[in-house]
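Right, I'll just put the structure down here and ask away after.
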Amino acid sequence: MKRLLLASLFFIGLILIWHFIVVAEIWSPVLLPGPASVGSYLWAAATDGSLAEASWVTMKRLMIGYLIGCVIGLPLGMLTARSKTLNDTLGVLALGLQTLPSVCWVPLALLWFGQSESAMLFVVIMGTLWSVLIAVDNGVRNLPPIYTRAARTMGSNGFHTLRHVILPASMPYVISGMKQGWAFAWRSLMAAEIYVTLLTGYGLGHLLHFGRELNAMDQVIGIMLIIVLIGLLADKVLFSPWERFLHRRWGLNG
Amino acid sequence: MKRLLLASLFFIGLILIWHFIVVAEIWSPVLLPGPASVGSYLWAAATDGSLAEASWVTMKRLMIGYLIGCVIGLPLGMLTARSKTLNDTLGVLALGLQTLPSVCWVPLALLWFGQSESAMLFVVIMGTLWSVLIAVDNGVRNLPPIYTRAARTMGSNGFHTLRHVILPASMPYVISGMKQGWAFAWRSLMAAEIYVTLLTGYGLGHLLHFGRELNAMDQVIGIMLIIVLIGLLADKVLFSPWERFLHRRWGLNG
Amino acid sequence: KPAATPGAKPVLRFGHFPNITHVQGLVAHALSRQGKGWYESRLGVEIQWYTYNAGPSATEAIFARSLDVTYVGPSPTLNAYAKSKGSEMRVLAGAANGGSSLVVRPAANINSPADFRGKKVATPQLGNTQDVQARAWLANQGFNITLTGGDVTVLPIQNADQLAMFTKGEIDAVWTAEPWVTRLELEANGKIFLDDKETNVTLLVSSAKFVKDQPDLAKKLVAAHKELTAWIKANPKEVRELLKYELKAETNSEPKDALLDKALGRVVLTDEISRSSLDTMVQSAQKAGFLKDIPDLTQLIPSL
Amino acid sequence: MNLVTELANPPPAKLHINGVSKTFTTQRGSVHALDKATLTVSEGEFVCLVGPSGCGKSTLLNLIAGLDTFDSGTVQMDGQPVTGPGRERMMMFQEHALFPWLDVMGNVLFSLNLKPGLNKQEHVEVAKYYLQLVGLERFMHANIHELSGGMKQRVALARALAPNPRVLLMDEPFAALDAMTREQLYVDLQKICKAREKTVIFVTHNVREAVCLGNRVVLFSPNPGRIREEFIVNLPRPRDINDPALAGMAGEITKALKGHTAKPAEE
Amino acid sequence: MNLVTELANPPPAKLHINGVSKTFTTQRGSVHALDKATLTVSEGEFVCLVGPSGCGKSTLLNLIAGLDTFDSGTVQMDGQPVTGPGRERMMMFQEHALFPWLDVMGNVLFSLNLKPGLNKQEHVEVAKYYLQLVGLERFMHANIHELSGGMKQRVALARALAPNPRVLLMDEPFAALDAMTREQLYVDLQKICKAREKTVIFVTHNVREAVCLGNRVVLFSPNPGRIREEFIVNLPRPRDINDPALAGMAGEITKALKGHTAKPAEE
């Protein structure tokens, strides 16, 4: 309760300061629109439905791409961590591609898939896949060997060890890897949406870009707020339950 | 030695497959230029100096922004992890801003700083700062409490604990956080360079964008390769020594 | 930001686009490159040239105080003027009219305005002159146009992409400016549906601060611009070489003579500010939903 | 418990360790942890290993478990070379090695689930029986990090005993236990080994414990780790740790141990 | 070592634990770990705590160290309430709690560096002295993960002893050690405590160890954790662990311990 109050007070304070800076006209209103005008843009966009639609378009792209990336990346990461040959080939490739900002795929994606949803999906998958793969690989490698050793003397091996020891034991890493994958996917999708217009639907990135094109900074800041909100929400819904579980079961004070 | 050989063979194999696909003209050469034409672009760009210059411009932006981000983010992360009040205010703010892809700052940055280096720096710093802060905060929170407890009974407290226990004990987290900060900075800089043309110098992102504008896919792929190369190199130079040290000293088999 | 070192000439930061509709900018920039600076000699200043790809970047630069004067289209100008409540932008002179057209794809079967229902029309950029014109024109035909959809989908797509998508049949029509109109005609079999020769397409614009702080220089600048416009009209041969030289320097590709001639033929150079054209543009922008209330235009055109 | 006593009784195994050496190489040089160790453990025998800290006891256990490779020599079970770990050789580690992602019950069930031939219901029954044996029934659903040091060790013991392996390799299993619990477990462990004829290798620092439990006590000396001497313990079973005859023998062995490591505990 | 014996000798402290209770609350309910514990330790006294696993011994030590809060009661040192940990009360944890980012020497130096009044050179000398004491001189530059279980415990002991604290809180410090090393350390610890008049609280499961070291042995019983009985040990010092008089007293205490926990080790 007290913590919530403190946080709220802090943010209300921030907004008030922002408001007074704008009112005092220290900077031109073009450079920094006030909270009132941002609020009124958000209200208008919320009531005419364009905000909800753009959020939906963006979330759909993100979700599908992210899921595909995880579903491919998780098992591949396990494999590269366990097999030397795979690690020296696929692992090195993944390391390279992981350092490539996935927005760099945009030109090729547009060429290969046209200005379509598939191009966006491709970019999002490239953003997720490699980082999930690397994180899982890393997590499996960083396991205290005592766990697998103990399991092996109990007769566990092969797939059983993978499923019942390595996967749960690397959980803290896997979850943080999936979180990072999410962050990369989110970033690449925004960059891609800001960069290219799609025929199949306008996402939040497009609204942000349009805000810039029209010199409408209230729109830009409004959309930034929405993006922050969605990011926080996704964190709460997708990752917090897992982290709480780990906290309770493992005694990690996260 | 054998591992290196295997990896080389794998990549040579990949390039050969790529070459034969192009030669067989399964897809149009516009969609997928062959390794030969990518190589000749790279050769030309390397000899006329444009590649080196663009890499230098990009690296300079990245390095300066990243350093500033780390220097601010590291101590702030320590503070938010240790102080409840700071965590409920600055911590929440950081969490929010961390979920904001820093390419979203580009429109505001351009408006505030003009089409200048400062705008790029701002975007890179926003990409680094919050994620380093959050990672350090997280690392400090996830420390096994036994370390600080032991240190405190030995008379360590305040800054001494921070400097001699918390910082080294959270090293594995801090390094992975700095790595993530690097990845975010790298991604945001690329996105920003692809998105806006700067008057003060063309970076790799610009070359990639121009490649797209000119439908020169050999240039696009060539620049992508360079970006991968720089990413791998940065990893080797900046982070590998630390990770090796941790491996040896802590016995983590990373 | 370049600060004047004592003893050195004052610096004027000047912008333009590498487009045919920015003939004056291209020619003056080329002359500067060749050491025969047009504005330099007439104003006694040093010119720093900046090239932009789109209106918003140029107006942004004026907001950010990193640019003094630029050639730019009327729509971004009016938009920036309105968004800054009349405090930042000033129009000094006209530069070019016309040069923009609505091109349709033959296979799309568009013969009358009513045929646009359900079609996809591309414009170079959201809120730029052609985009506003397209949205207003379509609205005038009775279509419901929204930012992200409606009876006709208006899509802001970069010029280079437009050409490719037009060829592939992914878009049905394009409202754009030269040289892209001509390229669509020559390379993609586009048909001109509507040709616009009256509307202001390029203006000479400056920051309000520039006019306020250096009114004399502004006056000299306008005079030099008028002189340049007249000189361009009088020397088409030399101008063509200068354009080719400059476009090659800026975009790394030299336009073909045929393309250049055809495109130049559609652009009408002028130094007049057409007040009625500006008013129409304001109404169009309102119709397109980009301007919420009518800006007070009294300060837009300063008397020098 | 009916079910538990009725579990199939596999024949105990014969272990043959022949001239096994192992060297660890670190940055600061190499440590000769085990030097030509030779040891034969016959079927159903209970062998205790004692020796100073760092003399290679844990290392030897790891080799027998098949968890580590060695430089030379052979390790055989029933005449077959040991190539890797297996369910029939269950190891109890010096660090408890419990799985933090499972609760207490889950940890015990882990080893049981790998044993073929029982259904889920029976698994739970067996697990409960062994948790009762170590006195932790009430903590069935506790998380591992909520247990005290000794409680963790007892869970690890239950986990090792539950699937009834032929060979038990135990690395200081009772180090963190109080005397009471320990004495109870001495009685229980002897009972279990008698009933099931298990082959056990048991590392301890407590010579009395070794004499109480073992058929044989093997002495190690460090630097490099070597097997020095063996004592056959012929006392009648069940043995009581407080038995004076046992204490006498322990004294004898302790003296021998001191003899081998003249310098005060420096390795 | 000259330097070591010359270190300033701070007066030993008087500890007062009065009616202290502590309950852990977990998801499955709460554990009453300590119930109205009252204990007075006078200056230079060596008190041993024994009791079954999970009876709250580690919990009590943590409270005295000032590391945890408690529900009721008071903990005082020299008449001042303990509000947090401090250098004068050094704790040796049940898990070794060594810092993996430092090598062996670094760990011992850590506590020394916090002690004012000595220069770097002297720190190193003192650290070397204590590493020699625990027989680990040769492993000065080893990484923590390269040590055997007992070696880690010995490093922790050196780290706790080196800065010469007034109060030593030791949680099963010798559990993973072999008899030889252990006996040597009994002798050394008694010597150190005599020379420096340290106040020590020492948790162990080994009743003989408790009688050998302590002026007083305090018995705990579990569920809830309570102090049950105290034994004053009046044997002359230095004591030998193999002394029959000592063994007799240990037997007596063990009997008492069994009496308090009638049920077989179930908490």
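By written order: A, B, C, D and E. Residues from 1 in each chain.
What we mean here is this: a residue touches a chain if its C-beta (ideal position, glycine included) is under 8 Å from a C-beta of that chain, and two chains touch if they have at least 3 such contacts.
Fair warning: this is a prediction, and the values are worked out from it, not measured in the lab.
Touching subunit B and subunit C together: A. Touch-path distance (fewest steps) from subunit C to subunit E is 2.
The distance from the centre of subunit A to the centre of subunit C, each centre being the mean of the chain's C-alpha atoms, comes to 38 Å.
Subunit A and subunit B have Cα centroids separated by 16 Å.
Subunit D and subunit E have Cα centroids lying 28 Å from one another. Taking each chain's centre as the average of its CA atoms, subunit C and subunit D sit 85 Å apart. Residues of subunit C in contact with two or more other chains: 60, 63-64.
Counting only residues that touch two or more partner chains, subunit A has 30-31, 110, 209, 212, 248.
Contact of a single residue of subunit E with at least two other chains is seen at positions 95, 143, 146. Checking each pair of chains for touch leaves A-B, A-C, A-D, B-C, B-E, D-E. Residues 3, 6-7, 10-11, 14, 30-31, 84-85, 88-89, 92-93, 95-108, 110-112, 131, 138, 141-142, 145, 180, 183-184, 186-188, 190-191, 194-195, 208-209, 211-212, 217, 220-221, 223-224, 227-228, 230-232, 234-235, 252-254 of subunit A are the ones touching subunit B in the complex. By the touch criterion stated above, subunit E contacts subunit B in their complex at residues 62, 65-67, 84-91, 93, 95, 97, 99-103, 110-111, 114-115, 143-146, 159, 163, 169. In the complex of the two chains, the subunit D residues touching subunit E come out as 24, 26, 28, 50-54, 58, 94-95, 135, 137-138, 141-143, 146-151, 154, 172, 175-182, 184, 205-207, 242, 251, 254, 257-258, 261, 264-267.
Residue ranges on subunit C touching subunit A, taken from their complex, read 54, 56, 59-60, 63-64, 76, 79-80, 83-85, 87-88, 120, 125-128, 146-148, 153, 155-157, 161, 165, 168, 170-171, 290. Of all residues in subunit A, only 28-31, 50, 53-54, 110, 114-115, 196-197, 199, 202, 206, 209-210, 212-216 touch subunit C in the complex they form.
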